[in-house]
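Here is the structure we will look at, set down as structure tokens.
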Amino acid sequence: MRVGTRWLASPALGFIAFMVGGPMVVIVWYSLRTRGPGGVGVGDGLTVDAYERLVVTEDFAGNVGFDSTYLEVMWSSILLAAATMLVALAVGFPTAVWISNRPRHLQPLLVLAVTIPFWTSILVRTYAWIVILRETGPLASGFDAVGIDLPRMLNTRGATLVGMVYTFLPFMVLPIYAAAERFDHRIAEAGLDLGATPAVVLRKIVWPSVRPGVVAGCLLVFIPAIGAFLQPELLGGGRSLMIANLIQQQFGASRNWPFGSALAILLLVVVTVVLVVARRAAREARVVLS
Amino acid sequence: MTGQADTRRYPGIGPAARLAFAFLYAPLAVVVAYSFNSGPIVSRWEGFSLVWYREVLERSDVRDAVWVSLRVAVAASAAGTALALLAALGIVAMVRRGSPLAVGFLSTPLLVPEIVTAVGTLSFFVLLDFERGMTTLVLAHTAFCIPFALLPIRARLAELDPAVFEAASDLGASGFRLFRRVTLPLLVPGIVSGALLAFIISLDDYLISAFVAGPTSTTLPIFLFGLIRRGASPLINAVSTLLLLVTVAVLTASYITGKWRKPK
Amino acid sequence: MVAEGLRIQDVSKTFTAPEGGSVRALDGVSLDVGTSEFVVLLGPSGCGKTTLLRAIAGLEDVDSGRIDLAGERLDTVPPFRRAVNTVFQSYALFPFLTVERNIAFGLEMERRPKAEIRQRVAHALELVELSGFAKRTPAQLSGGQQQRVALARALVKEPKVLLLDEPLGALDLKLRRQMQAELKRIQRSVGIAFLFVTHDQEEALALGDRIAVLNDGRIVQVGTPQEVYESPETRFVADFIGETNLLPVERDAAGTVTVAGQWKLVAAEIVGADEALVAGGDQVVLAVRPERVRIDPGGELRGVVAEAAYLGADVHVAIDMGEGLLINVRTDAQDAIPEVGERVAVRIDPRHTRLLSS
Amino acid sequence: GNDDDTQPAQPAQPEQTAEPAATTAPSEPDAPEEPDASDAADGEDAAPQPEEPAEADEQIGGEVNLYNWTDYISEDLLARFSDETGIKVNLSNYDSNETMLATLAAGATGYDVIVPSDYIIPLLIDQDLIQPIDAHAMENAAHIDPAFLDPYFDVGRVYTAPYLYGTTGLAVDTSQVPDPPDSWAEFFAVPEGSHGSIGMMNDQVEVVHAVLRAVGAEPCSTDPGDYALAEELLDGFKSAVSVINSDGIIERMAAGENSIHMEWNGAAYRSSLENPDLVYVYPSDGLTLWQDNFAVPTGAPNFDQALVFINWMMDPANIAEATNWNAYGNAIVGSDAYVDTDLASSPMVVPGSQELSYAAPVESCPIEAIDLYDRLWTSFRS
Amino acid sequence: MVAEGLRIQDVSKTFTAPEGGSVRALDGVSLDVGTSEFVVLLGPSGCGKTTLLRAIAGLEDVDSGRIDLAGERLDTVPPFRRAVNTVFQSYALFPFLTVERNIAFGLEMERRPKAEIRQRVAHALELVELSGFAKRTPAQLSGGQQQRVALARALVKEPKVLLLDEPLGALDLKLRRQMQAELKRIQRSVGIAFLFVTHDQEEALALGDRIAVLNDGRIVQVGTPQEVYESPETRFVADFIGETNLLPVERDAAGTVTVAGQWKLVAAEIVGADEALVAGGDQVVLAVRPERVRIDPGGELRGVVAEAAYLGADVHVAIDMGEGLLINVRTDAQDAIPEVGERVAVRIDPRHTRLLSS
């Protein structure tokens, strides 16, 4: 029985088509234009210069050739996102499973507890990490007090990762929890009963059962993480440029809107590829499970 | 039987989860603690004081930014949730192949990197000659509120017994009355959590806001970003702590009201 | 009488299955339900019982045929205006409303005056013996109580026909028995027609004034409980309702039937043996209920006890007649229980056998 | 803890006609216009209320939309403006010239006053993004230090009026680097004691300017050879850097986390209040002198109010309050009288003439240079 | 024999309920199960059946008491090292593994050689007649097939005791009957002990070599099906297993019992009437099965037919004896079915009655 007609979806579909489709068309359009006078905005001509700049350069010595500078930025963004995803998974998986094993009435509270940090601005949260990680911060002083000298933490890749994981962890925990909550713990008991040790149960029974949640969580972390820029800036010491910064830079100091648009499209393409690949993985997981 | 396993049996799960919670809350503790710092530099503790709270309450730019953010978040999460609610109902009525497409399409704001959206949206608004301000902020926020609101509403809809709607129809309810008397109350938990989620996301957005905000619409994240630029003072912590307090109060209230509404 | 009741004529409904292909859920179903009759729709899972109820309630459109209620066409009326109500298998109570408000819902939709609603709800609560539970929410009730709220919610609308889709399916045996008696009592006291769906044949026999047996979207037999149990018209009905021994037989031209190569009996002795069956070329089987087979040293059929299970009131014995043919016998537990492996003879009274095409 | 954020609490100390100001370097001490006598007539406060226009004009009311750098003007100052003129100020913020340029170029409207820096102004003018306001003809234009009257970016002050100015140099913690570098060349050679604790600004233009100077080239060079040298220099330098971030410099320097940091002079001054070992270096191979200005975007909805605001801000007492708040110098003669003594006497805020001679405004680079900048910067950061 | 089998001694277990308060799920339970015995644990919902099985499997720790298997202490061993296996009510198959891999799981955990696993899995599949389904996933199987996979998965480990927790609970009646026979066959053929939980008394009677009746965490009676059905020791057992009429009686000093003020019989005639019950001050009831009550014009007890339901093989009649006392009678459907309202007399053979304290 229908509680409505499918036309009810049209306002939302229309709105998204307008608010996502419109800007995307503009971005594509910009990427194919010449630069505006003085580099501000876009000009009237049509060109693929912007795409060419992605891979070809005239180096400082005047040689024209393949150049991977910009692609490397893309690549390091992907690597950072992947690392974030893996660490978030390592932390998020046990957390989600643990929550799903708490008494029923506590679970919603714990899920809420995972999301509460979200209610402070991402800036403030990231800034709090600066405070924690800096050499004069509580962590270092704490260890110092007991005679342990910690290496520098702030302005390292490690700090970037901490900030990234912190920001995206709830996106990992929530979908895995959703899957784990539906997980029938009796099959874990069946595993024990059949001679699997708890560690084996976790690996061979719980893990495959929550895999759709894991796939969803990984996507939800990976995709926004590719576009992250705040954490590498603030925590990583800004020494590794990320694709989002690079794009922003093109619309800002470098005054190359077409190139910025082209970079944006490169980013979109990467995301789309990831989604297509992951969709296949997600579908597999679904087939096995249903 | 409760069907619950004893997690003490899973090696490492408990400690790992506890660590994760410590990880999640350590920065919050720092934020709150340093909001009481009397000194002007966030990271240098100079003694306890409430000066920053006084300043939050006195400074009109802070108030304005909070006010703008709250208005945008309320409007965008309300609009986003309403659209998502209709969409969720519409998606249920779709033929099987249609629904994943629609869901996928409505999720695109999650999938397009923020910076791309930000730049694109600004250019798009300019092209359409929309004056930037509250309206453009709300429009842009509504777009990414929809997928977040859609998630819990659809989840709620999926776990409902469709026979309840049939029962209502069988008992003589139809059209808008069916929606108001049955559909809406049944979906309340999903709508509330969808709206809350959308609200948080809207409240926290920096990048898109920075691009589409107009002259009189500096949101809190934009304001905070500026403050941090200039050298963070515990003012930021005080603002955040106050917001956090409000949040926890709202969440607690909605949890309590949600509890008695919750079937089974 | 029929013009007053529910008349279903030649109703068909085909679904397109999600995987493609189509399912004929109802295939020319015709059925009359009198104004205060208790009719049970009985059939195996997937035979179309729910589909038929939903078609009557208007929750499903039919492809062809028509449905009339009290002489007026029903199938063109939208569900929320039909004078029939449904008790859903899952109860489908509104979880956010109290028991009272659940029951009042239908009357509020009719925009009845407040006072009338209050009074009718109170009456309905009394009928289902839940007066003390008016302020609870469904989650605070047991399964049986929820079931009764669902019943009251439908009854309070005073429908001409009440449709019940396996309303007792989720209850355990004891409670189920108790609710069966309760339902029967309520149906008698309100005097409206009940169309009751079940796949439990014992429930059907205990409740129905008449039973309509449905298979594969078709009604295969309609009759009183005795009629369908004692005189099944098809092999399907015989097998589906109660336990039955279906024994392959051979016929000769004279109309004599031989069972398991051991026992000959003339067709005239057999109750269900009409000309066509005896003469026809179809395969036929002889149906006999286990409780009508007696272990008796003078019996015509001989075999070996394959299994003997004590069931309290009676004993179930399976006797191997050779060539894979088992005859099930149900005897009183007071009789001696034969040992497994023992050679025994059984006697079947031809009056309790039926010849059915297989 | 005497820092910017606490200063608004103590408004410009009214040392009326006290000392004849410390060395107001860029200005020739020619027209030391003392605050008008008329302000006494106001008599609202013990403090001088020195704005003639507000007084002369009747309150014109309305509002003005100010689009400014974040936290670059004090609330109290704006509140006072509103009190005196009846014009409400709506403030919104940006974090870089480029952001501001991008939003204006993208067609954003609604702003009445913006605060662009020097090099971005020609672009704004070229694109017709700002309109002439004839600042030179304004009542308070008389206070403008002549050195700021004909800047390269707006000869004759047709489009803009001056706000604050400063330099981008090096803050050095002498407790860690006892021998501070004198030039960019020495800085990029990684001075003793600074390895691994050098802080850079996250500012493509400033950093590339600096490294070009270090290799003996001019900012905005379009000669790829210069960039090859620069890249080589940066390759060796990279490992010495601990952070590339324009935010939080004050804190880091105050806490001694960075031994050397590229920093604006005003910020360096504020850091030094927390860390007395701090010195500010004016590199001898040249440093950027930047000037921020008021301008009015084309199509500003409240043109008249914008002019009132700009004129009001050129009043010595008013601009002095901005200097006190930000610790950057201003171009208004006579404001020294209202500026905190500590500030006025600090070489970090007010450079000596020797130092000032190294500093020069830098024009906006041509597109070709910008592309080279982008590539060098990207390779430095990845 | 006992030293070889499973011995449960005085096991207790208390849960703290989530709402606070505590539930004594097991209260000094002792039970022996022989090496190839089929023992059924029967009891109402919540009586502790599952808890006992879980305690044996090691999925729940006990508070006190001990459990031994083949003479060795079992309750201190972690679950994954106990030589017992469980067939869960929900089957608890691994949805992401094929049938084959599900069955192999337990052997893989033992790190058996591949060839051995293959061979034993094939054998187990044969045993449960699912050889053709090795490559399917559980979702592609019917309920009965899933149930058999669960069985095979546990059996393939060759446990000393197989624990089955209502394994047939989710199946429909026909399939359930069929699976009961199947289970019995398999148990005989593998020859290991089965401890089988159910709350269905008919199933218990049909399957068990012995039945242990559990109530409120305590074992109230253990015995063969005949013993518990024919000679229930408590009112609870009489009522729970099968249908029973529990008639209030009066006693006089001479030991004569009067039923419903109408029928006197001397205690000596009654099977379960020991001294204590006849003499004691407790309230006692006379228990008699409905199938042992006969409608007979010469009967001692007279009443009015309140209800008569045709159930196919037999007819259920409720006779109102006045003062709210109903006697249920089950008679052969071949006998005449009495009309509701008819006055009838019933006869009860004292040999089929038992006196029980109430």
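The first chain written gets the first letter, and so on, giving A, B, C, D and E; residue counts start at 1 in each chain.
Rule of thumb we're sticking to: a contact is a pair of C-beta atoms (placed from the backbone, for glycine too) under 8 Å apart; a residue touches a chain by one contact, two chains touch by 3 or more.
Treat the numbers as computed from the prediction; the structure is a model and nothing was measured.
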**Other chains in touch with both chain B and chain E** = A, C
**Prompt:** Which chains touch each other through the most C-beta pairs?
**Reply:** A-B
**Asked** Per-chain C-alpha centres versus the global one: which chain is nearest?
**Response** B
**Complete:** Max Cα-centre separation from chain E goes to chain D
**Request:** Please report how many Å separate the Cα centroid of chain C from that of chain E, as a whole number.
**Result:** 27
**Prompt:** Which whole number of Å gives the spacing of the CA centres of chain A and chain C?
**Reply:** 58
**Prompt:** How far is the middle of chain B from the middle of chain C, if each middle is the mean of its Cα atoms, in Å?
**Reply:** 53
**Request:** Mind pulling the residue numbers of chain B that touch at least two other chains?
**Result:** 42-44, 123, 163, 166, 169, 178, 225, 228, 232
**Fill in**
Residue numbers in chain A touching two or more further chains are 1, 103-104, 130, 134, 136, 184, 186, 189, 192, 198, 251
**Message:** Using the touch definition from the top, which residues of chain D touch two or more other chains?
**Reply:** 99, 106, 247-248, 255
**Asked** Which part of chain B faces chain A closely enough to touch in the complex?
**Response** 2-7, 9-14, 16-17, 19-21, 23-28, 30-31, 34, 42-44, 83-84, 86-87, 89-94, 98, 102, 105-106, 108-117, 119-121, 123-124, 127-128, 139-140, 142-143, 146, 150, 155, 162-163, 165-166, 169, 178-179, 183, 197, 200, 203-204, 206, 220-221, 224-225, 228, 232, 236-237, 239-240, 243-244, 247-248, 251, 255
**Residue ranges of chain A touching chain B (in the complex, touch as defined)** = 1-13, 15-17, 19-20, 22-27, 30, 91-92, 94-95, 97-99, 101, 103-104, 108-109, 112-125, 127-132, 134, 136-138, 166, 169, 173, 178, 184-186, 188-189, 192, 198-199, 201-202, 206, 220, 223-224, 226-227, 229-230, 243-244, 247-248, 251, 260-261, 264, 267-268, 271-272, 275
**Footprint of chain A on chain E - complex, ascending** = 18, 57-59, 79-81, 85-86, 88, 90, 92-96, 105-106, 109-110, 137, 139, 153-154, 157
**Request:** Enumerate the contact residues on chain A facing chain E in the complex.
**Result:** 103-105, 184, 186-187, 189-198, 200, 204-205, 208-209, 211, 288-290
**Prompt:** In their complex, what parts of chain D are in touch with chain A?
**Reply:** 96, 98-99, 101-102, 105-106, 122-123, 126-127, 200, 202-205, 224-225, 227-228, 231, 238, 241-245, 247-248, 255, 257, 364, 367, 370-375, 377-379, 381-382
